[in-house]
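Which chain is which? They are A, B and C, in the order written, and residues in each are numbered from 1.
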Amino acid sequence: MSNLQQYIEKLGKLDFKAMYEGDFFLTWEKTDDEIAAVFTVADALRNLRERNISTRIFDSGLGISIFRDNSTRTRFSFASACNLLGLHAQDLDEGKSQIAHGETVRETANMVSFMADVIGIRDDMYIGKGNAYMHQVVDAVTEGYKSGVLEQKPTLVNLQCDIDHPTQCMADMDHIIHEFGGVENLKGKKIAMTWAYSPSYGKPLSVPQGVIGLMTRFGMDVVLAHPEGYEVMPEVEEVARRNAAATGGSFTKTNSMAEAFKDADIVYPKSWAPFAAMERRTDLYAQGDQDGIKALEKELLAQNANFKDWCCTEEMMKLTKDGKALYLHCLPADINGVSCKEGEVEASVFDRYRTPLYKEASYKPYIIAAMIFLAKMKDPAAALKQLEEAGAERRKMI
Amino acid sequence: MSNLQQYIEKLGKLDFKAMYEGDFFLTWEKTDDEIAAVFTVADALRNLRERNISTRIFDSGLGISIFRDNSTRTRFSFASACNLLGLHAQDLDEGKSQIAHGETVRETANMVSFMADVIGIRDDMYIGKGNAYMHQVVDAVTEGYKSGVLEQKPTLVNLQCDIDHPTQCMADMDHIIHEFGGVENLKGKKIAMTWAYSPSYGKPLSVPQGVIGLMTRFGMDVVLAHPEGYEVMPEVEEVARRNAAATGGSFTKTNSMAEAFKDADIVYPKSWAPFAAMERRTDLYAQGDQDGIKALEKELLAQNANFKDWCCTEEMMKLTKDGKALYLHCLPADINGVSCKEGEVEASVFDRYRTPLYKEASYKPYIIAAMIFLAKMKDPAAALKQLEEAGAERRKMI
Amino acid sequence: MSNLQQYIEKLGKLDFKAMYEGDFFLTWEKTDDEIAAVFTVADALRNLRERNISTRIFDSGLGISIFRDNSTRTRFSFASACNLLGLHAQDLDEGKSQIAHGETVRETANMVSFMADVIGIRDDMYIGKGNAYMHQVVDAVTEGYKSGVLEQKPTLVNLQCDIDHPTQCMADMDHIIHEFGGVENLKGKKIAMTWAYSPSYGKPLSVPQGVIGLMTRFGMDVVLAHPEGYEVMPEVEEVARRNAAATGGSFTKTNSMAEAFKDADIVYPKSWAPFAAMERRTDLYAQGDQDGIKALEKELLAQNANFKDWCCTEEMMKLTKDGKALYLHCLPADINGVSCKEGEVEASVFDRYRTPLYKEASYKPYIIAAMIFLAKMKDPAAALKQLEEAGAERRKMI
């Protein structure tokens, strides 16, 4: 009846000991086994929940979230993951806090962590800042733990930084694995991560970067496509190249959306801002140069407008493998005639993929929960087994 | 000792099977048995809590709330109901979310519901919108559930829409039932739902509509009183007429507050905006016509000012049955000389009824919890029995 | 192995019966035994948590918080304390509530308390207001409980008022007790509560007042130092004098920071506004006199600027006992060259004490939890014993 056993057996073949009491910053800082462990635990937690078995490993405790940008899905994904494990999600709303009064990261990190088992942070706006901030927080609570200030070291979960968006990309990947019936079926599959037009400007680079940094690890042919001038961080391209070389896949670039879509098994068309422009914006913000920011915004919007044909149209979809590539998006998408006049995708394409898109999103709470689970359980396989044997009902069934 | 048995026996005589996995939009969409089941389960949950017995039917899970208008009591009632059953209340603050960025209802509804067992919505501002929005949400999560995106279909609880305010009116009614010693004592009792003056404008119609739509089901003589021009939705008046005809009560209208108060057993004097004006306002908002909105507001305030004598004074109260009618209000009231110069009620009247008014409000968390309980438990009577037998302490007593 | 027994034995020697179902407004309204009971239960709860033993005494229930001023640490301390005991912290955000619409304290207090076991309030801005408001809330819920509106009387925890800051000062004191190896080692120790320069104005008086009102109870020599014109409330000085007389310690005042620091074992240099100015500000706010407020602010900042030499420098620290006094602060501090140009403390001093400062703060959640525990458990010692014997894991360990 139970198929939890398959996940437990899978975990038995993986080495992920280093994740215990660890943190999750970037997917490429994790070994293949560690990445596989996250997918496995995510699926195992989902399996238990679907069978109405409680997955609470905490009787009490807090999961702190810090969002430096608006967020619906990530906020709820984090709250859901915390709840799933028995933690109470507590948001640090910087508007309500004394951070504005000159409190340092080091201090605040400790002040909110006395009962915190997890800290989830989203900080994706400024190049060179978000990931660095997360490291400052982890350094601060690690020191706090070592010096006896904190009774536990909270685990950091990167909910999106300037470099990577690991919970998103791993949810995307878990979706791909399920759609293709297993990671073993992905060798040689072509995935196109392509830029797409949006009437807005300044969308973060963390999704395309996260995708090329992760998807190149599974033997797939990963193509990054964008108009000239929309380059992503060169360091992440280098990661993608190294990954591809190691797994027998490939990582290529093109300035043609059509070329990327050609025979693709999977397409991920999405707007982002040029890396160099984001760097300039970061500097302008640092200098408080409002006029400069406005000028840059104008310039970028004008630049975008040159590439309105970068849209995931029905025509474009026809180029893909049998015209039926799996369409991915982190949502919300800019849909032609729905959320904007001209945008990333035609309404009929989006509509056809609505259910798979929502499924894609549904993996995120489990991915986050798995990251926490692996950081907090010394023997995650035994912990899963114990949860199943205890068999506490998630919801009373009578 | 225990009197839980009486509630269990009562449930045994009622047919409310259709509520399982259902939603709660409008009271008049529910059968008499279903309405009775809500009161019975609400009272049973209160009985258990008063005896310090845990009523948690959830080990984990989220209760999502969406408030499109300010709220204290409903917000806390919903959070209280969730907590009572073991759910964590998570507010979708639309200001913090990406909804403003063009996300659709359909998408957001699914994105926040991966771990949601309940969604409570308050959306009462625009005629023709609130209830429709709730249906969109339910349709979206039902589809999400059917297509495998969601592992459970969250139950909708209408926390106030443009048409009805079921949790308020059922709390009011549960209060009446307790004050009169049982629903069987209500036949022939007179209840006056009357308009009252307020120096503000645009108060929702959902309370008077909810009251005449619900209170007409118990054999009472329900009188709706308001100055000419303050009509409520004709469809709801039709509901009230049908209800009254079916239960041997009556539903009548008058333009005289005094006539409504005459010999009334219960009075509910409260300000609301004219239905037709609310419709105009909805259109003006849709057109973004700020000048039109200001002009309408001015016009309505001037219209209101003609009816300052519609106040629940001591003189008015003397007209009621033995001068001692039960005074109801959904709170907060506009109290003469307290919260405004001239308003809905004289301070001495309000003060005399303060304790019953607070008791009236105290039923709301239980009504909400009962709606959830009936949607989530296949055999609510057995579930109540099981909770009593388990006898887990709500609060440690030592 | 377990050293919980020592706390249980200590409680056995104390009389704190009156705390059951009580509230916590001001430390000097509590007996010495009651104060000792709070420290003892705080340490016992920490002991259990450090041993991964669940301290949940609530299966469900709400802890309401009302913050009338920005707050990070107190907000998280309260949420942490609630979580530690099994309560769900629910914030009453007055911006989102209908309080602005003229709702009275009495009404709101009851409306949010149907499931509330605790209410934590921070209201420190206006002289004569904060503590009075807390009493209004307690009176309202006490009446609500007596009249059957509420099923339990929520316990008030003063999270900072215009007079005292009991959770802060008791956390400070618990820290001192641990640093000095027990309360019995404090007789004759010198503690300097001194004013310090800050480039801001209007910092509350509750910390210096709370410190002299509490620290004078342990046989220490308490010195209050500030420039002329920065007097605290005379009533609280009177409390300090009485306390000192009763415990064989002393309470003295000086206008010299150096004199206060001389041979001090503990120093607490911190900015605050003059009491008389705060009274004026309260009146100006009541009158809505914006120009008056601005003029007062300018005047106070100018006054402050006369006392920039009131800074906790390395030179100043050398005056203390062996140059090694324990440095205290409620945080965040105004640190020279870090959070401001010139402020309360030199960066090198602050840095040297960073770990003890964070430890000082770490006691606050336990102090709050202890106040709740003592109000809710009839036999706290037996309850602690029971928690240890049950030995439920706070976090699954496997």
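Everything that follows uses one rule, which is that a contact is a pair of C-beta atoms (placed from the backbone, for glycine too) under 8 Å apart; a residue touches a chain by one contact, two chains touch by 3 or more.
Values in this document were obtained by computation on a predicted structure and should not be read as measured data.
Copies chain B and chain C of the same sequence differ by a rotation of 120 degrees once their CA atoms are superposed, given in steps of 5.
Comparing the residue numbers each copy contributes, chain A and chain C share less than half of them at their mutual interface. Mean C-alpha position of chain A lies 41 Å from that of chain C.
Annotation for chain C: residues 88 touch two or more other chains.
The touching residues of chain C, when paired with chain A in their complex, are 46, 49-50, 54-56, 67, 70-73, 75-77, 79-80, 83-84, 86, 88-89, 331-332, 334, 338-340, 355, 358-359, 361-362, 364-365, 392-398.
Within the complex formed with chain C, the residues of chain A that make contact are 57-62, 88, 90, 92, 96-104, 107-108, 110-112, 114-115, 117, 144, 147-152, 376-379, 382-383, 386.
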